[in-house]
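Two complexes are shown next, each including chain A; its partner changes from chain B in the first to chain C in the second.
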Partner chain A sequence: MKEITEMLQQVAARLFNEGLEMFIGYESGSVPAKARPYFAAVQGETAALVFNPFCEHNLAKYLVRFPNAKTAVVVKGCDAGAVERLVKERNLDRTRITVIGVPCGGMLARERVLAELPQDGKITAITDRRDAFVFQTSKGEHVLEKKAFLLAKCLICTQNNPTGVDLMLGKEAPPVGETGKDPYARVKEISALDPPARAAFWDRLMDRCLRCYACREVCPACSCTECCFEQAVPGWQQGAIWLSKAVTLPDNLHYHVIRAFHVAGRCTGCGECERVCPVRIPLMLLNRKLAGDIDELYGPTPPDVPSVLCTYATGDRDEFT
Partner chain B sequence: MDSKIIKKDKLLSLLERFIAGYHVLAPVREDGMLVYRPVGIPGDVELNPGRSVLPPKGRFFPQTEILYSYRIEGEKLTLEEYVEEARQVILFGVHPCDLRSFAVLDAVFTEEPRDAYFTARRNNTIIVGVSCSSVLPECFCTAFGISPVEGNGADIHLTDIGAGAYLVEVLTPRGKELLQKFDSLFEDNVAGAEEAKRAKEASLIKKISLSVKVNDLHEKMASIFENPYWEKISRRCLGCGVCTYVCPTCHCFDIMDDGAGKAGERFRCWDSCLFREYTLHTSGHNPRHALAQRLRNRFFHKLSYNNQRYNIEGCVGCGRCVALCPVNIDIREVIGAVRGLV
Partner chain C sequence: MSVNESDVVTTAEGAAWEPKIVAFLCNWCSYAGADLAGVSRIKYPANVRIIRVPCSSRVNPQFVFRAFERGADGVLVAGCHPGDCHYVTGNYYTRRRLTLFKRLLEYVGFEPERFIVRWVSASEGQRFAETVKEMVDGLKHLGPQKRVSRV
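Up next, the complex of A and B:
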């Protein structure tokens, strides 16, 4: 991953010479096998930029925080759609953004990687060898087969080379997802359960939701400046408050179902909601379920339409009249 | 107080008897995570647990707790308060960092006027501590003078000393009273147990990778309140509540009412200083409108205000916020930065 990291640093340096004000990329994290979002605001800060298979974060939403600056952002295949969506919904001015695409060989599941690498070995280099990542550590070389170590979302990925970017770094990456895998397989399994079993499945998971709102805060489709769930109205004054602040199973379910419907047709499938959940609720199942339903009801979304549920045609199905 | 030895199979029998006579909360595995749950089978309990996702503070300070309910029938108003009735709960398997966190919470909730809800739950709970058996990359309890094998704050403390044996330290009269009932399960403290515990401590402390120094932090914090550092670190902060909700010492809550008209209830629930509406005034003014101000507040609370106000550190070095922050905001780095800036 050394070349791509160097390319990123060079591109960032060049863009700052051309008047860039903020470069949004990744730097190494504070613990082994971790990366994190990084913001370079001046030329001198570009040396910390990296790209490696721990750069799992979707950086698109950070663009909204710099409405008046000339910004550049690093995107993987699964992140690019989020930039496009934010532009389509007029949250971003595309003309002041430089979108930098990186070919992605898949992101690794950190826990599994750490379990595999020697505990006191320091990672010195990572190389992408198509079917595996090769780790050089202070305790020797380790080959991690992608099939066994990639994040689940990467194993069904069909878009690991970003589109719609201004600048593409490096060579196109070969596909990482296993061909013939049905992205809806798990959704179908859950949908096939009889209603009490399906309710039990979700109740168990939603019961442990903390309502920390990490899923909402990270979601590039949750772009409202004020969420419908954060209206600070005391209970006894509530005209129409949507959600009690009490963390109970019905309120948790209510929150997640409403959020899923708000992002339906707009979710770009980056999976950030599921990644950030501290209690491991498989939130992408809800998003995928709705994506599948929308596909089935309306067919593929035409490219000039912001999203299926944000537009209408007089000939649309209307079951209510 | 005294100490004894218990063999692992006997420890399971002890748990079985605990379960028969008490409500037992203990760490169990759920979808690969460690969580405290009411247990019914000793075999479900993790005896050398490691770090739970959520700290055990929820036993004393539940995320949502009904304070009282009201009902109006005709001319009559009925209020019902929900202070926990006396019942015996055993909170099993608490590590030293979380044991220290109970002292932090006590300082807040049991100073006068005492919080009746917290105090009732605290008084109803017997705490069984357990020494750490491993160190995770985010652990740094030693920075706050905590030893991974000491049971301060527990009624009874267990240390796995190898060969299927646990050292049992009885630390309070309440712990003594509890164990007296099950005397036959224990063996007398064998020679070498204390040495085994010390050896374990030394090997664990050696594994705590990052050395964090906090001795001069309070004075330093005061001088960097306006430093641009806070804006810089907040750029990647999502403004979610993960760090505060997984923190064993965070104790902010909101009080709200549910219901309307003739019946309803007043409850309190966890709140987070990272949330936008946390400091939002009725007027619409928000004194901490920027994320940088909110994030700064959290670190000042952990590393300065708590100590000033209660004379006890607001952080216990459990590492949960470090491990679970979705964007790797690491309090150890913040401490390092603060010390480096002045």
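Up next, the complex of A and C:
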């Protein structure tokens, strides 16, 4: 990880010399085994940049906050689609952005890693050894098998090397996802339940939603300036809102179904909604269900069409007759 | 319409429960189809509350949820047959949208009978009546929709 970090810092320094105004990357968190988004605005701030297997955030959506600055952003394989999505929907001016791709060896689940490492050991170096990460700590060396410590989304990852980037750092990483793992396995399990059991499954999850809207805020496909769940103008000027803000089961279910539906065909599968959820609702189960159906019914969307629901074919499958 | 006594679900008050259906009908085909069912004096259950929409593609999926929250036991969306849309392409979009939405609703635990989409043309009064009959039968079998209803 050291080489990538150094390369990142060098590239950032060079870009600032070339007139860059904002560099969006990662820095080490204030607690062990954690990274956080980092915004370097001047040359002198680039030394804090890092890349390690805890950089799980998708930084693409932060680009929207700097509409007029020359910005560079660090993306992993799963984040590259998000930049593409934002550009496609005209939220970003691609000419102002430098996309820096990093090969990703998978991201680690922090809790599991911390449980494995000695409590008072300080992590001094991390190396990627293809099937495992080797942690050098002040208490010795620890080998963490990827199979056991990677995030669930990394185990079904199909594209750990970003595409469509301006600059690629380091060598391409070997595939991370386990071969033969069905990404829709859990979706199929739920679909196989009978309706009352399915309802019970979802009610239990939706009941704990706080409606903090973090899943919406973080989503690179959720980029409307005005959201259908809360309109900007008050009182009588307000258009129709079909959903109450009350945190009740029907409203939560309504919110999540519609949120997933609004990003249907536009979801890039980065899994950020699930990561930021404070009550750990497995939201990707909704997104993945839609992605699977879209795949089955309509196949790949042509590149000039913003989303699968913005187009049609006269020969689409008709389940309504 | 006559129903078997044993099929009738009774509410707490003991009165026979009748399912409530909210039907979004497209102005150009299905609404006229429902009208034809009326003027042809075709008998169909009175459980349906019709909302006329300019096109089936006007039906926001949130309307469906809203109807369930406001006590609907079933929701029907009906529009022109694909290819016959007054606005040329509206129902093609509806077809994609609602195919995905129906699958999603079923995935989160709604029974397939609760949400029905049907193509009903202006000349298909009989078909409209049959659709409503079918839905009422299905819903009577399922019982009241209590999951997200607030009433």
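Note that in this section the second predicted complex is superposed on the first by the 302 of 321 C-alpha atoms of A that agree within 3 Å, B and C clash if a C-alpha of one lies under 4 Å from a C-alpha of the other, contacts with A are read in each partner's own complex, and residues count from 1 in each chain.
In this section, contacts are C-beta pairs under 8 Å (C-beta built on N, C-alpha and C of every residue); 3 or more make two chains touch, one makes a residue touch a chain.
All figures in this text were calculated on a predicted structure; none of them were measured in a lab.
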Query: Given the touch rule stated above, what does A:A260 touch, chain B (first), chain C (second), both, or neither?
result: second
Partner chain(s) touched by A:V247 [first = chain B, second = chain C, both, neither]: first
Query: Touching A:L210, do we find chain B (first), chain C (second), both, or neither?
result: first
- prompt: When the two structures are overlaid on chain A, which partner does A:F39 contact: first (chain B), second (chain C), both, or neither?
  reply: first
Query: In the superposed arrangement, does A:V308 touch chain B (first), chain C (second), both or neither?
result: second
Query: Along chain B, where are the residues that touch chain A in the complex?
result: 30-33, 35, 53-54, 63-64, 137-138, 232, 235-236, 238-242, 244-246, 254, 256-260, 264, 267, 269-270, 272, 275-277, 280, 322, 324, 326-328, 330, 332-333
Message: Per the contact definition, I'd like the list of chain A residues that touch chain C in the complex.
response: 187, 190-191, 195-203, 228, 242-243, 249-251, 253-254, 257-258, 260-261, 264, 286, 289-290, 293-294, 297-298, 308-309, 312-314, 316-321
Statement: Contacts from chain C onto chain A in the complex sit at residues 60-63, 65-66, 68-69, 82-83, 89, 92-93, 95-112, 117-119, 147-150
Chain A residues within the chain B interface of the complex: 29-32, 34-39, 57, 62, 65, 208, 210-214, 216-218, 226, 230, 232, 234-236, 238, 244-248, 275-276, 278-280
